[in-house]
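Below, chain A partners chain B and then partners chain C, in two separate complexes.
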Partner chain A sequence: MAAQAKSGGLPRWLTSEHPLPWLFPVTSLLIVFGLYPVLYSLWLSFYKRNPATRTEKFLPSFNWNKLIGDDRVWDAVQVTFTYAVIALSIQLVLGMLIALLLDSDRKGFGVFRALMTLPLVVPPAVTGMMFLLMYDSSFGVISNSLYALNLLSPDKPILGTGSTALWGVIVADVWQWTPFMVLIMLAGLRALPREPFEAASIDGASSIQSFFFLTLPMMSKIIALAVLVRGIDLFRIFDYVKVMTDSGPGTATETLTAYAGTVYFKSANFSYASTVALATLILVLVVSTVFIKIFKIRF
Partner chain B sequence: MASVKISKLEKQYGLLKVLHSLDLEIADGKFVVLLGPSGCGKSTLLRMIAGLEKITSGDVFFDDVRVNDVHSKDRNIAMVFQNYALYAHMTVRKNMAFSMRLKNIDKKIQDEKVAWASSILGLDDYLDRLPKELSGGQRQRVAMGRAIVRDPDVFLFDEPLSNLDAKLRVQMRTEIKDLHQRLKTTTVYVTHDQIEAMTMADEVVIMQDGRIIQSGSPMEIYDNPNSLFVAQFIGSPGMNIIECDVAEKAGVKSANHESLCLPLPSDAKVEVGQKIFYGIRPEHLTANKEPSAESNSSLTIEPGVVRVVEPTGPETHVYSKLAGQDVCSISRERITWSPGEAIHLQPDLQHVHLFDGQTQVAL
Partner chain C sequence: MPSSFFKPTLRYLVSLIVVAVFVFPIAWFGLTSIKPISAVFNKDRVVVFDFKPTLENYHVTVLGGEKASMVGGQSASMGTSGKGAYDGRGSILSSVIIAVASTFLATAIALLAAYALSRMRFWGAQGYLNWVLSQRFLPPIAIIIPLVFIFHDLGLRDTHFGIIIAHTLINIPIALLLLKSFFDDVPVEIDQAAMIDGATRFQCFYMVVLPMIRGGIAATAVLCFIFSWTEFILSLFLTNTIRTIPVKITTFVTSTGSEWGYISALGTAAIIPGFIFILLVQNHLVRGLTMGAIKD
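For the complex of A and B:
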């Protein structure tokens, strides 16, 4: 009787004792905004679109064959890898160094640690515009400083020159995302037990030896996790490229997602854009799976 | 090997002073135990000797060389930590060879030393395992192995046995003492376990609230505690302590607690009316079923009531109530006691300890 009164006559799977009602909100969000778009793009990628007639025809292999033969795709893969590897390396090393500096109980360091998070709250598109202004060849503070130091000449603007444009975008990414690395590394460093370091100090280890023989191996899992999270993010890079260079000059900074965006928004070839986007997803999955296997990361 | 000298050593954290002007000399090759309750500053003192804790004032000397500003890596010491502090990502072999690897010592010599240490400590079969694959006792031995391959001037042990079970603790106690007898390296050992201190030390240093209260050989401290604190801290079961007033009856002084009248040694330096603590170790209380005929004093003590009897094998501990006080006596004779029975206790007057009621200092 009591049980019946409590459930109000509802079937058991709709009562609060069953997991289903609790899982429903997030599951429905994931299905609508995660699973459905993926399946829809997969479905789209099997159609050949005719932009002139705005019609689609079911031809499963067409877009995928086109993808494999598309030089711009392979260029974009190369740019994406270059971008991800360089940005990740800089962020990792810089993040670790800053974290080591901030790993202190001394007065005032808490403020520094809090200040580190500031770049993270700036929207990436705004960061892109900020750097766009700073790179401006007539009034940009970065450009003007580099001209003054004779490192660069005004006839070769940073974002307008093929050899420097990607670096320009990477700097913005590094500025915004190094603090994220710092936070993860700091959390790891602060959680390390103190005793092994004391034992090492008594065993005769210098600070540098302690870092390489103890800190790095003890942090390896955390470092691997940080690399994974940031790495996946870097493969999806879109905002900075879109705002700062719009894939240019030429296609010098065209990453996979930027190319997908171009195909979608400029050529209105929705089915091929979906194919490029899916290719990005597959690439991320393969690279991260290999990485997880190599570094034996467990979640 | 080295002698260690500590002179006017102080440690202060902010406004809190944890060590008060300590002086201590540890002769070369001695095994010294720093003993005291939690928070008495013994580990801080050890860490200052190791160079892991900054010295507020005073000096630490190794062989008359002041080492205050010498980094711990240059002090040639070895330390065993309470929670072992092993390098979790290195095998037992690498853990033990780590200090030699840092010094770029020849690989062959490294292997020889590790083999020597592992054979002493019985770790031969575990050299290629990671610390997480070892039991507590084995980890403890690895930590010791890491220390002995160093061939250090001074060994420092910070409560190394407190994480082990009772049986293993006894076994490791013997192993550490045996190791010290073989290597004859100056050793400073911190513990709160008075049995460890008694069984292992050449010299025991008793600390309380950041001060050294008494130091000396274990038996010296056991026989002549200089304060009530030391008397109660050393010995298991602990010394019986009864708060008394000194009274005199027919020219004979006695220590009285309520209806209880305890005999005093003839040479006791007490005055009538003085408040004292009367201390007697359990083994110096003779327990009888009948009032003792040949008492060594003119006083007969009222009988107590047996509460609990604990036979340990070689001896029997009898806990009884005597004029409202809990009293323990130990006898090696096999007398069968049962709770509720009357017990006649007679102190051995040669082993009575008297402490001032105010200062708690031995009289």
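For the complex of A and C:
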């Protein structure tokens, strides 16, 4: 009634009483630059590129068959999972431990918590550079410390050796994103009710018991959410690999996104690069959907 | 009891060490930026503090000054012309323009959509939210290749406006979900009271509800700014001459050696605005990082 009186002749769906005008800008942007490119990618993936003539031929199954039979793809999937699982586990455990440590109202701890957010604002490409500098085999401070401790020999540079390169990249990721976990865990710890813990300590529970039987179960939702948000970013990892190792040595640190980038830049095979990129998207969507369903996460 | 003294002290010391470990890489980077080149590349003494601090690296990268010394021989073999290859002023300006504009655009249009999704009941609202959320899960690489073609056709390739659009796109899901969580905190009765007094939906949004979530809008804007400021992969693929700071820094690594002085100077300078902004929104940081799912 009031809405009709104020609409001033315009159809209702053009007035602010209807959701359409409110949603229009976001929707059009997401369709034109988000949804359309994904469909475009799919369409590209249906074309077979002939590198000699630089022409494309419509052959829907070609690139997808090539993907299934491409060992580098399976290697990349393995690297991606290894990277994501190791980095996520370390960040989760370390994040929880540091949150427990810094969850104090004593003087100085506020400054500690503020300083812990510092790594979050460093551009990941710059983080890659910081660690490249510290890993440098001749004057890097980390490398030289490891030489001094006899944990590393100078003829096996951290990022130049197949067995350690991925760990080198993971350390940079852990440095940058553990603070993210710390912040979320701190928020979770601060939201916990006091009464169960008081009751438990009266009943004689140790602090370790209350952690495992009270803190962890009560924070399960928050932990699941943190794992989801971080996990998705880990599956899309590109910046550190590109800056620090450029997938090397060989393909030791080649993740799926890095492989798609390599196909794009080095062989200019856009249709196959799109196929690999779409495979990443499918992987992320499947893993995250399953995770959201299992842990019933709602935004 | 000794534990009443030792435990807090021990906890403080352990915390101090942990925080020091996390601050160390940045401190080391900052220290490198004021070292003379001879001290950076000294492999016999890696940890040196008795050097003469210099601001030359900042003079070259941030202020665009002439470089007095050359390291690594032909440092002019960069993609861009040799002279001014380490001048970061254009990159700083580009990064500021892109981050500010995309923050403004993303926040503005996300505010509209977030308000509707928080206040109006309509068919498909939950599905719409899920669709927006799925954009957050989208690996940039999956849209970059077609975006290169689309941007080329629209004349957006290698333009500020193109990157602004791309950064707005990646910020929309975070901004929208976060702002919706702030709108959800405002009781619906406030809207109803305003509309009974004769306000239209838009007036109610603009004049009544918007001022009530100013803190939330500021937090959203800060996060959008930081995401745009630190973004790498889209800027790398979609530009050739316009270089945002993260992309520019990677061009300082050449086949003849890395210019660590310049890299660390521009890199350190790039961290400062983000850190100042993030300190301003500490209260809403967790909510922001989890897209509104955890309220603080």
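Convention: the second predicted complex is superposed on the first by the 285 of 299 C-alpha atoms of A that agree within 3 Å, B and C clash if a C-alpha of one lies under 4 Å from a C-alpha of the other, contacts with A are read in each partner's own complex, and residues count from 1 in each chain.
Methods note: contacts are C-beta pairs under 8 Å (C-beta built on N, C-alpha and C of every residue); 3 or more make two chains touch, one makes a residue touch a chain.
Since the structure is predicted, the reported quantities are computational estimates derived from the model, not experimental observations.
Chemist: Given the superposition on chain A, are chain B and chain C in a clash or a fit?
Modeler: Pair status: fit.
Chemist: Applying the document's definition of touching, compare chain B and chain C: which contacts more of chain A?
Modeler: Higher number of touched chain A residues: C.
Chemist: Which partner does A:Val169 reach: the first (chain B), the second (chain C), both, or neither?
Modeler: Neither partner.
Chemist: Of the partners chain B and chain C, which touch A:Val79 in the superposed model: first, second, both, neither?
Modeler: A:Val79: touches no partner chain.
Chemist: Between the C-alpha centres of chain B and chain C, what angle is found at the C-alpha centre of chain A, to the nearest 10 degrees?
Modeler: After superposition on chain A, the angle is 90 degrees.
Chemist: For A:Ala200 in the superposed arrangement: first (chain B), second (chain C), both or neither?
Modeler: After superposing on A, A:Ala200 lies in contact with chain B but is clear of chain C.
Chemist: Touch check for A:Ile158: first (chain B), second (chain C), both, or neither?
Modeler: It touches nothing on chain B or chain C.
Chemist: Classify the contacts of A:Ala187 with the two partner chains as first (chain B alone), second (chain C alone), both, or neither.
Modeler: Second partner only.
Chemist: A:Leu285 in the overlay: touching chain B, chain C, both, or neither? Say first, second, both or neither.
Modeler: The second partner, chain C, only.
Chemist: Quick one: minimum Cα-Cα distance, chain B versus chain C, in the superposed arrangement, integer Å.
Modeler: Nearest C-alpha atoms of the two chains are 9 Å apart.
Chemist: Where on chain B does chain A make contact in their complex?
Modeler: Per the stated touch rule, the residues are 50-52, 71-75, 77-79, 81, 83-89, 98-99, 102-103, 146, 150.
Chemist: Could you pull out which chain A residues touch chain B in their complex?
Modeler: 193, 195-196, 198-206, 209, 213-214, 217-218, 220
Chemist: What residues of chain C sit close enough to touch chain A in their complex?
Modeler: 8, 11-12, 14-16, 18-19, 22-23, 25-26, 28-29, 32, 40-43, 46-47, 109-110, 112-113, 115-117, 120, 122, 125, 128-129, 131-147, 149-150, 165-166, 168-169, 172, 176-177, 195, 198, 200-202, 205, 226, 229-233, 236-237, 245-247, 249-250, 253, 258, 260, 263-264, 267, 270-271, 274-275, 277-279, 282, 285-286, 289-294, 296
Chemist: Using the touch definition up top, name the residues of chain A that touch chain C in the complex.
Modeler: 2, 6, 15-17, 19, 21-23, 25-27, 29-30, 33-34, 36-38, 40-41, 44, 98, 101-102, 104, 106, 108-109, 112, 114-127, 129-134, 138-141, 144, 175, 178-180, 183-184, 186-188, 222, 225-226, 229, 232, 235-236, 238-239, 242-243, 257, 260-261, 264, 270, 273-274, 277-278, 280-281, 284-285, 288, 297-299
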